[in-house]
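First chain written, first letter: the chains are A, B and C, and each begins at residue 1.
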Amino acid sequence: MRVYLDNNATTKIDPLVKVKMQPFFEELYGNPNSLHAYGMEVRPHLNEALGAVYDALNIPDEDDVLITSCATESNNSVLKGVFFKHILTNPDKNHIVTTAVEHPSVLETLLFLEEHGVRVTFVDVDENGGVSAQAVKDAVTDQTILISMMWANNETGMIFPVAEVAKFAREKGILFHTDAVQAIGKLPVDLKKVRVDYLTLSAHKFHGPKGIGALYVRKGCELPNLFHGGEQMGGKRAGTLNVPYIVGMGLAIRQAVNHVEVMNTQVRALRDELEDALAKIPDTFIVGPRHMRTPNTILLSIRGVEGEAMLWDLNRAGIAASTGSACASESLHANPVMSAIGQDPELAHTAIRLSLSRFTTLEEVEYTIEVFTKAVERLRSISSTYGYKG
Amino acid sequence: MARDSLIGGALWEEYSTEVQRRMNTPVHMGEITQEEADATGDKLIIADFGAESCGDAVRLYWLIDPKNDTIQKSKFKSFGCGTAIASSDMMAELCMGKSVDEALKITNIDVEKALRDTPDVPAVPGQKMHCSVMAYDVIKKAASMYKGVDMSEFETEFIICECARVSQDTLREVIKLNGLTTVEEVTDYTKAGGFCKSCIKPGGHEVRDVFIVDILADVMREVEAEKASKKIIEARGNGDFKSMGLVQKIKSVESILEEYIRPTLKADNGDVELMDIVEEGEVFNVLVKYKGECISCSMNTTTTLAGIEDMLKFKLKAPIKVIVT
Amino acid sequence: MEIYLDNNATTMVDPKVVEAMVPFFGQMYGNPNSLHKFGTQTHAALTKAVDQVYKALNAADADDVIFTSCATESNNWVLKSVWLDHIMHGHKNHIVVSEVEHPSVLTTCRFLEEQGVKVTYLPVNDQGIVEAHTVKSFITDRTALVSIMWANNETGMIFPIKEIGEICREKGVLFHTDAVQAVGKIPVDLQAVHVDFLSFSAHKFHGPKGIGGLYIRNSQALSPLLHGGEHMGGRRSGTLNVPYIVGMGLAMELATQNMSATSAKIRALRDRLEDALLQLPDVFVVGNRANRTPNTLLISIRGVEGEGMLWDLNNAHIGASTGSACASEDLEANTVMLAIGADSELAHTGIRLSLSRFTTEAEVDAVIDAFKKAVGRLRAISSSYAKVQPTHS
């Protein structure tokens, strides 16, 4: 049996999405910016896909949704755009507030901008892996131009107080960006209710293709392009449009939004069942209260068992999980979120993330419980730091 | 609309069926020779407008009965895209049977409307509206040749947006009356700049002297200046401060606080509230209360207070003392 | 019959490429950076794609070829990072480009000018190319970068990249070339020419849209445009687009293997088309045939406006172009036509026909026929081709 429980890293393409994309390689292959019939015939499909994103986020037509190549591009576009437009022209407003547990595409970009004179405050998370709105507010100064805070964390699934911080930022006249990569399809994301200036999303986190994402830009908050060039995307993001993927993302986001309820009932129930079973293993520790997490995520720490060894055993049994962000999987550093939470340093190397999807079955969960329990036993019997009493 | 601009519609699919039909088979395309004019005794006019180097050129042939100035026959030739050819064709048709003066009243907007399939759906997408402008210009050219006058004789106003035929005077008036501040608003109110967009700002496909952005900036400056002087006059009331009633006095002080004081305080997260105005002999005591950061600010009884007092004294020309409660 | 002669704008994905990509949407969907099998099973295919790309460009192992989302990204990356790395805090302040570069270079340069960078836009000669000595004369000791395309998208004219590369090496200036129109059409051998950076894009050689690359000589320093994570050795972040990378690798291999035979076939068809169209009176083809990419033909037809011509061709089910597809809706004159100093009347009359290895002789003959008919009809309408001229103006 093969079980994929690494859906916060990437997801499998919804079969409907895969079918929908296929004609756009060999048949409908025109460049949508061409005048002739080959260009013309792909446009309605692009407009429909873009419309799906507008519907999913519940945003008015006057705002922009720029299609990008991935969330990393969206995040870089916002941070560097704010640097180009605001900070370079007004060095008095050179401060950005973010959290210590953002995706590397936010953290690394900000470290780069620090070399160019930008001041950045990285707000720490609490022992649950959460961020308090107050901590973010306290970090703001007169010089703050932007707050960038993710909607939900990729490692822990912890949901951040986006609504409150967005409201605060608006009152203070500070720009607000949220990386909502882990929220779309898992939580309701309604921008009419939560007023943000920029929002990042990525199709491959909700059963769309890899290599396509989007950046939402509120009207009036336009930034200089990260990709200058042709007239694509109203001149705001150049580059020949990746037609098959855009069409795929459109269907994927419709499907994702339609399944938010399923995620919060069926998937949540499966996740809770898995979590309850794993919590019974002695000396394990789960990060963050369940009700404050995305419904599909568990980050669990197993005393005495090194994370990568655990992955190894799970992988041998056909189960895919993660020790941390897949981006960092090869670096084998301690899980940065575990370090940020301030856990016992011994536990920082023992984290395993299990993330479900709407395609996860009860059978798969039961199998995982069985394998997981055995793996812990085996590895603890080898462990030098754990005297296994079982 | 932003969403519309991101992918956009397919240019050619936005052409009306009538535009497509006339592009595929223009009805009035052709030439009129001097021999033909001689045979009927009519006057032949051949007018050119545009140039190939601009991307569009049209030639209009008219056969005019000199007795009643009526256009007997009208033909065209055109170097241009589909919309240019279709609008030239429609323009030639609209001229037929009209007197030269009547023909002069035909605008590019009439041509575009005549090309519509249904009354409320434009015949061509916005950026193509420009192509019908030449149809209007070439009529003026032909009429001027017939009348032996200069084309500029027909210009009564300074047109900024040729696609929507909006003059500079109209633009200034609408911007001022409605307090418009952005080009989008100007376009919403007047349609100017909503078509080929070359009149909005420099860089479009036409060289011009004045753009909508210039007019907007100029009118906004004017309006601001007027507002500022008006506010001070209002604040002072009709008579001097002393003779005002209490309500009027409060209004005056409030307007000065709002205009000159609060923006500065708010920048530092502070604010000030007007509590009361109490007459004490010759002096008016203005009672205020600090809010936000101002409460704890070390300068709230020195620099800030003096600033408020000076502003009120100078603007209202009255002996005012500001007291923090 | 539907005939696609707009292959410089984009191409059909080769059915073999589609076939190679499909498994990576379905069964093999893991994130290649994950440790588990779902991730690792993609590695073999990715490694193969990397090998195919290095081989096609004849890049050395010490060089980096980084996958990007498109050539626009690659071009923006080089220009903006050279600005941030060498100009913003260094003593260099100058970039040299040609005036006929792709909009992703020109628009980025205009943005950089707003940031205080000095940009020289080099003119092209009557053949539509930048001459090497022109480049040489504009390089100063404050020049940080020269960016000149390998072949032009509009005319197909091939630029003297080898000579320009040598000049830049002698002067110690970084050299970038946008090779989007060269890769897959003419030999690109990166051990035979000296370029520091080279951009390419898969959808111009029958690969998918939305994937491209940047070649970086000897893995030299260049700040990322997309920061984050450790993808692509930390040089370009973003979850890897596995199906498209696999597709681009194969597409590159297919485009470069047997290139001399394939391009001879395409060239013969193009020449057949060109010869036939040149029999029309008052037409004019831009650039010497020998120095053009084998698939491209930019022809100007006196008296016929380009978009009108496209309309008639489209009615005959032929896809062609008046200019770069990026600019199709701008309705501006063809900038390259203006740059080569063509008679300004001709600037609005350019039609680009670009073939591919899928173009057939029957298609070419059908196009010749339809093209002649369209010219006949539109010249009958045209005012500049009218017999009766005004007596006074």
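Quick note on the criterion: contacts are C-beta pairs under 8 Å (C-beta built on N, C-alpha and C of every residue); 3 or more make two chains touch, one makes a residue touch a chain.
Here the structure is a predicted model, which means the values were calculated and not measured.
K.L.:
A-B versus A-C: which has more C-beta pairs touching?
P.N.:
A-C
K.L.:
Sort the other chains by how far their Cα centres are from that of chain B and give me the top one.
P.N.:
Farthest by centroid: A.
K.L.:
Distance-wise, how many Å sit between the C-alpha centres of chain B and chain C, to the nearest whole number?
P.N.:
Distance between chain centres: 40 Å.
K.L.:
Between chain A and chain C, what is the separation of their C-alpha centroids in Å?
P.N.:
34
K.L.:
List the centre-to-centre spacing of chain A and chain B in whole Å, with centres computed as mean CA coordinates.
P.N.:
Each chain reduced to its C-alpha mean, chain A and chain B end up 45 Å apart.
K.L.:
Taking each residue of chain B in turn, which ones touch at least two of the other chains?
P.N.:
Expected reply: 8, 11-12.
K.L.:
Mind pulling the residue numbers of chain A that touch at least two other chains?
P.N.:
Chain A, residues with two or more chain partners: 35, 39, 241.
K.L.:
Hunt down the residues of chain C that sit against at least two other chains at once, touch-wise.
P.N.:
307, 314, 328-329
K.L.:
Show which residues of chain B lie in contact with chain C when the two form their complex.
P.N.:
Within the complex, chain B contacts chain C at residues 8, 11-12, 23-24, 26, 29, 31-33, 46-48, 51-59, 61, 76-82, 84-85, 127-128, 145, 205.
K.L.:
In their complex, what parts of chain C are in touch with chain A?
P.N.:
Against chain A, chain C makes touches at 2, 4, 6, 9-13, 15, 17-18, 21, 25-26, 29-31, 33-39, 68-73, 75-76, 84, 88-89, 102-105, 107-108, 110-111, 115, 201, 203, 208-211, 223-231, 237-244, 307, 310, 313-314, 317-322, 324-330.
K.L.:
Hey, which residues of chain B end up touching chain A in the complex?
P.N.:
That would be residues 1-13, 268 of chain B.
K.L.:
Would you tell me which residues of chain A are touching chain B in their complex?
P.N.:
Those residues of chain A that touch chain B are 32, 35, 39-40, 43, 46-47, 50-51, 54, 61-67, 142, 219, 233-234, 236, 241.
K.L.:
Which stretch or stretches of chain C touch chain B in the complex?
P.N.:
Residues in contact with chain B: 303-308, 311, 314-315, 328-329, 331-333, 344-349, 380-393.
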